[in-house]
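By letter and in written order, the chains are A, B and C; residue numbering begins at 1 in each of them.
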Amino acid sequence: MTTASAPGVPAATLVTSEQATAARAGTPADATARRGAGPRVRRRGGIAWLGLTPFAAYVLLFLAVPAVIAVGSGFFDASGHPTLANLAALGDPSVLRAFGGSFGLSAASAVIGAVVGALVCWALAALRPDGIVRSMIDSAASVLAQFGGVMLAFAFIATIGTQGLVTAWLVSTFHWDLNADGAFLYTVPGLVIPYVYFQVPLMVLTFMPALEGVKTQWGEAAATLGASRFTYWRRVALPVLAPAFCGSLLLLFANGFSSFATAAALISQGGIVPLTIRAQLTSETIIGLQNVAGVLALGMVVVMAVVMTAYSLLQRRAARWQR
Amino acid sequence: MAAVSAGAPARPAGPARPAGPARSARTSRPARTGGPARAPRFGTAPSLGTAAVVLIVVGLVFAVPLVALLQFTFRQGTDGSLTTAHYTALADPANAGTYQPVFDGLGASLLIAVIAVAIVLLVLLPAQVITALHHPRLRRILEFVCLVPITVPVVVLVVGFVPVYQFVAQVFGSGAWTLSFAIGIIALPFAFRPISAAITAMDLITLTEAARSLGASWWTVTWRVLLPNLRRGILAACFLTITVVLGEYTLASFLSRTTFQTALLLVQGTDPYVAAIFSLGALVFGFLLLVAIGRIGQRRTRVRRPHPKDPA
Amino acid sequence: MTTTAPTAPAAPASLSGAGAVVELDAVEKRYGTHRALAGLSLRVEPGEFLSLLGPSGCGKTTALRALAGLEAIDAGAIRIDGEDVANTPANKRDMGMVFQQYSLFPHMTVRQNVAFGLEMRKVPSSERKSRVVDALDMVHLADFADRFPHQLSGGQQQRVALARALVTRPRVLLLDEPLSALDAKVRVSLREEIRRIQSDLGITTVFVTHDQEEALAVSDRIAVMNAGDIEQIGTPEELYRSPSSAFTADFVGQSNRLGGDLRGGDVFVYGFRVPALDLTVADGPVLAYVRPEDIAFAAEGVTGRVVSSSFLGSIRRTTVRLDDDTIVTVQHEVGDRRVSGDSVAVRLLGAPVAVAPVS
């Protein structure tokens, strides 16, 4: 399963929260959005708090606490005393290799996924928005973006594994054995292929609204002002789409970076950070420091926070222009 | 922005050729006297032909792993022959022992799905609606909270879940269903967005005030105004929660519980064919579920967007 | 912030373009089986401000877009200064166009938006700068040159769009319902500004609108369109006072539809004899279109009761239910106050009326 970072929402209902908020900010509804319904009467406060308390308690117990423990455990040693010594794990060669592998895998799958996904979005724009082909493809994208890591791994073992369909075809047609140096799929570079498989649908889901938000009036205005199609793309369409494209690219990177299940099903040792965390939690003594899993978790959170902040900034910029 | 110039849809045929002279070359005939006109295009969309090519090519490439998986379920040995034996073996009681983990896992996952959906409907949905109605300023906080499970990946959260679940096991036992609490958290971002979009789209506050001014009680408002209008978002949220649960592997594997995905991986070692069959089944199920929900939503609120070809 | 500008100096010389002759010759456009344009023929004189007026679906926007090259036509010819442009793509037709909304490029400042057309024409940078400044001065937005479109109000955006369209000195200016998305007050001041700029520049202009009051206020001539063809074309006064068909009479200005009897060029309405405008309708029972200002209260005449009376600033409009239950609207001077329930008598003042056969 592509772990939680894949926002596989049916395209028709996908409005990123940032876009929804930004869109609201410009409309008359903004006043009501700030004001709330009805008078601010204390008596209704009771029911309201009753509705919010379960949520608050739930989130506190199952999100706040584990998150703090996860990120903070790196700062404690085995006996529970605070220490910074564990952070040295970040300098360990195998950990650095894992981060390098994660970055490489995420970046490669994100770039390929973004390019192919943008292409698919571009093609989809030619179809009737309420037609059957379009809604089928939207549904397919939603499902494939969520296509579980383990199940996806099986599909690719059947495709490019040692007995895979495509492997056999490549051998018979081009006399080239993909798995000559050992099964390609079970290496970190080989993971790029299944990763792209769920990155592309995610790109389609997140980038499509941006492409649809490019108003035809811009193209018509550009034409009446004398621009050729090429100039229109170069001066208008691409610059307008750039923030959304980069934002989606970052989202794909974050998605790839945090994925675990597909890799876990294919690779039994390490190579990327999530797998190293698994190794640390199942047998703690690989590196010799304490709570290395916590340190790795901290490292991952830092990377994700940076990426997601950049993503939300870009989304805000894109939403502003599309109002 | 290297990614943009390399990646944006500038590569295919469209903008690469200067469209001006090319178009007049295409249409350079004497003044039109009859026959349908070719509509010039000014938006970002390509021609239908180009679009079809792209979609078919990408579609075929994406179909390959699925076809391979399907073919695998019919495979016999390594000589390329096909058989339906793997499917019939499912029903064979003699193999029950091998397949039992998968059914157990599936059952556990379905139970977890039910509980997670219940959490979404009884904990998240009221919180979102109440925040939208009465505490709009808290909406940002709610949104932030629901986005945390994306920024903090499951592999990270799981490091913290291990001690938390030691505590949970003391209170609730160590059945797989207890995972539903944690998986509910993971599903939060996915459930949050459709409901949030539906709330924004229906202009919750105006409709509620209108209903209240007409004399409706809060109960009536909830049942007859809020829920029917939020239906599409709620259904989408439930669907996504179910898919998150069925596809969840990380938590279950770290916390050593048997769910659908962990069972699949386990069974794959002994009988890869049944693992493949169940994977396909889950995929088809997810697809049908989504199409069904999409159709329900569409039939209810069919908004006909103006097509560019509509006459002014 | 901007308000209605005082009378401004004449448009700068750098922007004045020569007006071109625009001709549409039997233009046809079909969408499937629907005929959006049905053999439309039209000639716009140099420097003229012509409005295409009509209800939704009459084809006015289609005609404008065909002129601009944004739609291809199925038959007929489009000529600018005698030159057939059917084979010229939109980006080579040298026309300025202002859209209803959303046409400014969101990622460019006002200055960059306005300069865009000049860049397309490879105007050197220094000349570009001065022409952009002139254009922005013309619409009184020079101070907003470095703002982005989303920072402007609707009216300001349309003014920038106008500057952008005119800075390239096009032969023709096309406006597709540019005021429809704006507030009422802004609409009035902006339409006057558009008219002023247009007449200063002398540029041939085609203006599409569904608002007859707007068309009457700014146009040299109006072409009333119906079902893909022109119903009537003429000056605002001609259309108002001498509508050639019931459609025009109904669409332009307000009318009371009263039953009457057409005989020999005159129509008899409630015993009053008034000349009929349309001589093609056969004698017999007809509907007569009488303007509210052509009915007056009198001591004797058709009797009825006042239903309601509206004060409109400079005039009053009173609704009267005649004894035969027909509702008529009477426009009269402000001082003559009528109260609901009053017994009154009205008479026709004798202005010629349009007639239509009773269907």
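FYI, a contact is a pair of C-beta atoms (placed from the backbone, for glycine too) under 8 Å apart; a residue touches a chain by one contact, two chains touch by 3 or more.
In this text, all values refer to a predicted model and were calculated from it rather than measured experimentally.
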item	value
Touch-based graph of the chains, sorted into line, ring, star, complete or other	complete
Result of counting contacting C-beta pairs for B-C and A-B, higher pair	A-B
Cα-centroid distance, subunit A relative to subunit C, in whole angstrom	52
Whole-Å gap between the CA centroids of subunit A and subunit B	13
Mean-CA-position distance for subunit C and subunit B (Å)	50
Subunit A residues counted as touching two or more neighbouring chains	220, 222-223, 228
Touching two or more other chains - residues of subunit C	69-70, 89-92
Multi-partner residues of subunit B (at least 2 other chains)	19-20, 42
Residue ranges of subunit A touching subunit C (in the complex, touch as defined)	26, 215, 217-218, 220-228, 231, 235-236, 239-240, 320-323
Partner subunit B, residues of subunit C touching it in the complex	29-31, 34, 36, 56-57, 59-62, 65, 69-77, 84, 86-92
Subunit C - residues contacting subunit A, complex	68-70, 89-97, 99, 101-107, 116-117, 120-121, 150, 161, 164-165, 168, 174
Complex contacts: residues of subunit B adjacent to subunit C	19-20, 23-24, 27-29, 31-40, 42, 309-312
